[in-house]
């Protein structure tokens, strides 16, 4: 299978189930000498923690990250960084019923089809808790990017039909918005929409947008390992994501070339783009402007209203999904999108260092 | 760099530039015993060949595929299959001018930023001819899928603002449509739109949809190597693609959970889904229904109307891109989308064979 | 860096330092449905545990393995298996001195050259404790091989100049031998040699031989991923190994072709080899006879007698390495050789399942 | 299968059979800006060419290398370098007989066991011609190392029982020696031994030694991707190699720690080793002294004297292997050992550039 490993140089391996002993990640290939601490990583963890936002599951977890290896005197040593969160609140009783049937929109059926059985407790490996390892690894990637003057910022662009008017966006507001939107007014409408959905025992989806600022030109490889291709995989691998677009994305398909092309001009002696329809990437390689990616999240499949489904005995049944579920996962997913983007960008930035003989010579001439 | 290799078991390596001696691909890991021939592969090549459709470049190429290794007595041997197309019509003179400036929407600037210089003839490695290797490898993947009763079919869903009404789609019409649309009426409107664009020295984008039929449940791995994540990377790696979506895609973000969930029911004793909003994948693993992916292509960046840009001397200039360019690449890209989807699906199907101890035992008990 | 991940399908990632919180491993890609338990794995762990044999370090560790994920109802689920051993006895005080100088034969100098600093406590990542993750992962591989009727057995072939006469070997004696030799008389001589070395504050090396019995023909890929090439990497990656050979190994270089070739004959209607100079592999693919590999271990570099070396200030100094060190690591390394061989063989056996179209069809025809 | 791809950053894919149309290699990940030419690569090709040395096959091949992509204006562009040699002299008639039986010491039997059939013409993919791609890729690696002041030199250390006394070795003599030995007197004895073997319709093996000079300290990763582990895999993957050792190798197993440890001392203000028993590597990372590896080659399995074997019908038969075979492959394998060593070293040197945050910052601060 081997599907829990990602990256070439900055390589991460996540592990753990919703109701197992713990969940975690091993980061291999992080450069030595990066200052990291459990506190710095915890700050990212807290953004996806249950209860961090109003609309999240009532599961009671501190999600306290522990660094088990790879750090000495506060700095990464170049060896694997193992991080772990112990699962505290895993009341298996809540989930015993779902062992027998397939929840619509969940991976219950497909896991059974693939492996013949599954760890049905809380969704097992396909639980949202699987993202804990992603965020912990992403925190390290973001700390490394910070050293290079690069920021990765994501936010909720829409929830259900409620969309932020980006021309009025206030990035400082994001942390104050219970739904991580950069806009107070849209936040209110989104909260209203979510309240209505909750009243109907229903759930919502939404779109997360992520911007990488300060990325130098030249990151990403032609052909298969394009910057946008790598990010597309990383983002689409987040549970519940159904679409990924870069820059103008699907809208570009309806445009003319004369509209969509970004003209270059000289600014301070260097080429700049007049517009950024491309979303910061040309031919799979970063062009020095903001790298912009959007992810579409489907509505949370766990809903308390009645649904038709089948059980393992081959019978048609009606169910109501119980348990502690988010009416919308989008706000908590914001930091996951940041994490997956950062992990991919760091891996590509490391690979890019070997692209020219002159860089290789310069590096080794100093040895 | 290492960006021209894709896949874990069914592993392909493409090579070649627009105006080099040849372009090609090596397929390593194709199972032994598959019947293939140059003719069977040529049939796929011809669908992306310049001139195959009305709206394509005037470049004069036969794109005749040659198999150089890995086949004996008409069957694959399990060793690498090397395939090659010789570049016949590479008039470098056409392109000498663009050595000095950066075409908007192209990878000229980013290649220079990464490598310090570039093979500027016809776009070099970022040319559309790079897809020749993809299609040749994809042809092999599709021949293997055919043996397993699985079909991969793509078509043009929209060109510019002209969209096919899928409720009226006629799949048999695709090959008759000069724009590869499954609809005669939409084809006419698309042709009109393209003619208008051409008259204005402009270009168009569009959307390609691809359906995999017959795919068994259980393909794809949880976490990073999800079926949809792998396909997202493969599709986004095609030049000019700016967005990828699965099933309802971005539309799912605006729906309620009760709308978007696909209920299961029992049909002939087995679970089936009532609807297919998920596009055939749940938790990253195929669910046995049609796998559906869409790709948004930006308009061809090469346009004959005047554009602003800069040259390598740091001067603002005006240019008109000359040469033989497609006013829309979408119709020729249809087979490339099929190829990339097939390559990814085959690789995941091979990996899936090792998912259970019972399968491993069954295989080796026969030895 | 990314040097702590091994394998394609059965993929392991080890982590942890000698004096960190814990050491461990994540196994991704183990087929679902394998019965495993902490007890079954602990049996392998105990064979490399400090104090398990007379000649090992006096460090006081239980090396109690904990399974943190990937197992449900006593069976592997197909998701990553995370395993961990907490470091109990890590008295850092013992090691503070070596922070300042480079021990001959150790990786102190090379770590500093690569990373600029190092976790100097107990050798950090280059400690023998790094093999804990290897053995835990190897235990799983060996449990899987057992299901397939394949055994992996290693033993000490020589210590210093004392070599086992394999014609007299008694495999049942191995577990009774304090030095893991399959011969009582050689064991005595080896013990005498070790006692002499210890008296002189010196250390010894030796050779470990490993035999895989029951391996079917057809395992391993031509060219780079040959069975013997993969095992050579896996074995050479064990700290202190300086040589690897297959079958007759270096002795084959001195033989004639007529001596070294193994003739085939028909036995019970099937081809068998009359001899096994090849060590069970032809052209990188297993031939159905015993697969035989040998590893040469250098003497333990930590010795209590005086040595010349240098410190980080660029001064020539004299040192005596203190601490709790094995006078010979060979007996404890026996299970590590088994583990690395088993891990490699399992990965190749899984890959081999996809080698033919007929196997692919047979698998999917049942779906 | 996927066994014909090697390397992480500097990644090579070889293809081609003995009696197919052509053989070749694609090098992906070579840094841009390296000056290469067909002439420079041909110089390496000529050293393994049939007929280049007296004891090689009589097959008539020019082995003329063609570069098909990845080079522009005499420099690598950073995109895949495709290289090819057309097979001229492939008289299939010579080989028709061996389709039906299994030659001892060859991969005939194991290919059949794995794939169900094989390209039996001249050994197909397991032919010595498979090394053509290795040498072409290795030539590029060696040209890159030359830019960094690093040399890779291999030579024949022994043929059968005839061994070079390295204390008398004259490296300048190698190219004059028909058997690539650095010693005129040993050359004579080796030639005598080969003549005797040929007279008896027999064949010989031998040992090749390879020295990498000028390699900086810090190359190679701890744990699985050690420098010596990577080289062990690369060397063991050469057909006919049965053993690999580093530095003192198997001899180290018989030594005391006090003999085997290399003391450090200060020379010109920097640490140096007094001796080089380690062969230039400590803990898997280069230590700045010469990196030394030896490979044991078994005798050529194709011999003209009578051998027992079986055919595909399950009958015991007697055969004499006809055709054009080397009585010893060691001299022609010398350049193959150099190539595999160089390829591995380059890949590890590129990966090493990303090992520290300070190197990453230094690289990107200039952007």
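Per-chain residue numbering starts at 1, and chain names A, B, C and D are given in the order in which the chains are listed.
The definition used in the following text is that a contact is a pair of C-beta atoms (placed from the backbone, for glycine too) under 8 Å apart; a residue touches a chain by one contact, two chains touch by 3 or more.
Only a predicted model underlies this, so the values are computations on that prediction, with no experimental measurement involved.
In this assembly, the chain whose C-alpha centre lies farthest from chain A is D. Measuring from the averaged C-alpha position of chain A to that of chain B gives a distance of 26 Å. Here the spacing of chain B and chain C, counted between their Cα centres, is 44 Å.
Between chain B and chain D, the centres computed from C-alpha atoms are 38 Å apart. Residue numbers of chain A whose C-beta contacts span two or more other chains: 1-5, 8-9, 14, 29, 31-33, 78-79, 114-116, 125, 216-218, 222, 351, 354-356, 358. Taken as a contact graph, the chains are fully connected, with every chain touching every other chain. By the touch criterion stated above, chain D contacts chain B in their complex at residues 1-5, 7-11, 13-17, 20-24, 26, 28-33, 66, 68-70, 72-73, 75, 77-82, 84, 114-119, 124-125.
The residues of chain A lying in touch with chain B in their complex are 1-6, 8, 14, 102, 104-107, 109-111, 113-116, 125-126, 130, 158, 160-161, 197, 200, 202-207, 216-218, 220-226, 228-230, 232-237, 239, 242-250, 252-266, 269-271, 274, 277-279, 281-288, 296-303, 305, 307-310, 314-316, 351-352, 354-356, 358. By the touch criterion given at the top, residues 8-9, 29, 31-34, 76, 78-79, 144, 147-148, 216-218, 222, 349-351, 353-361, 363-364, 367 of chain B touch chain C in their complex.
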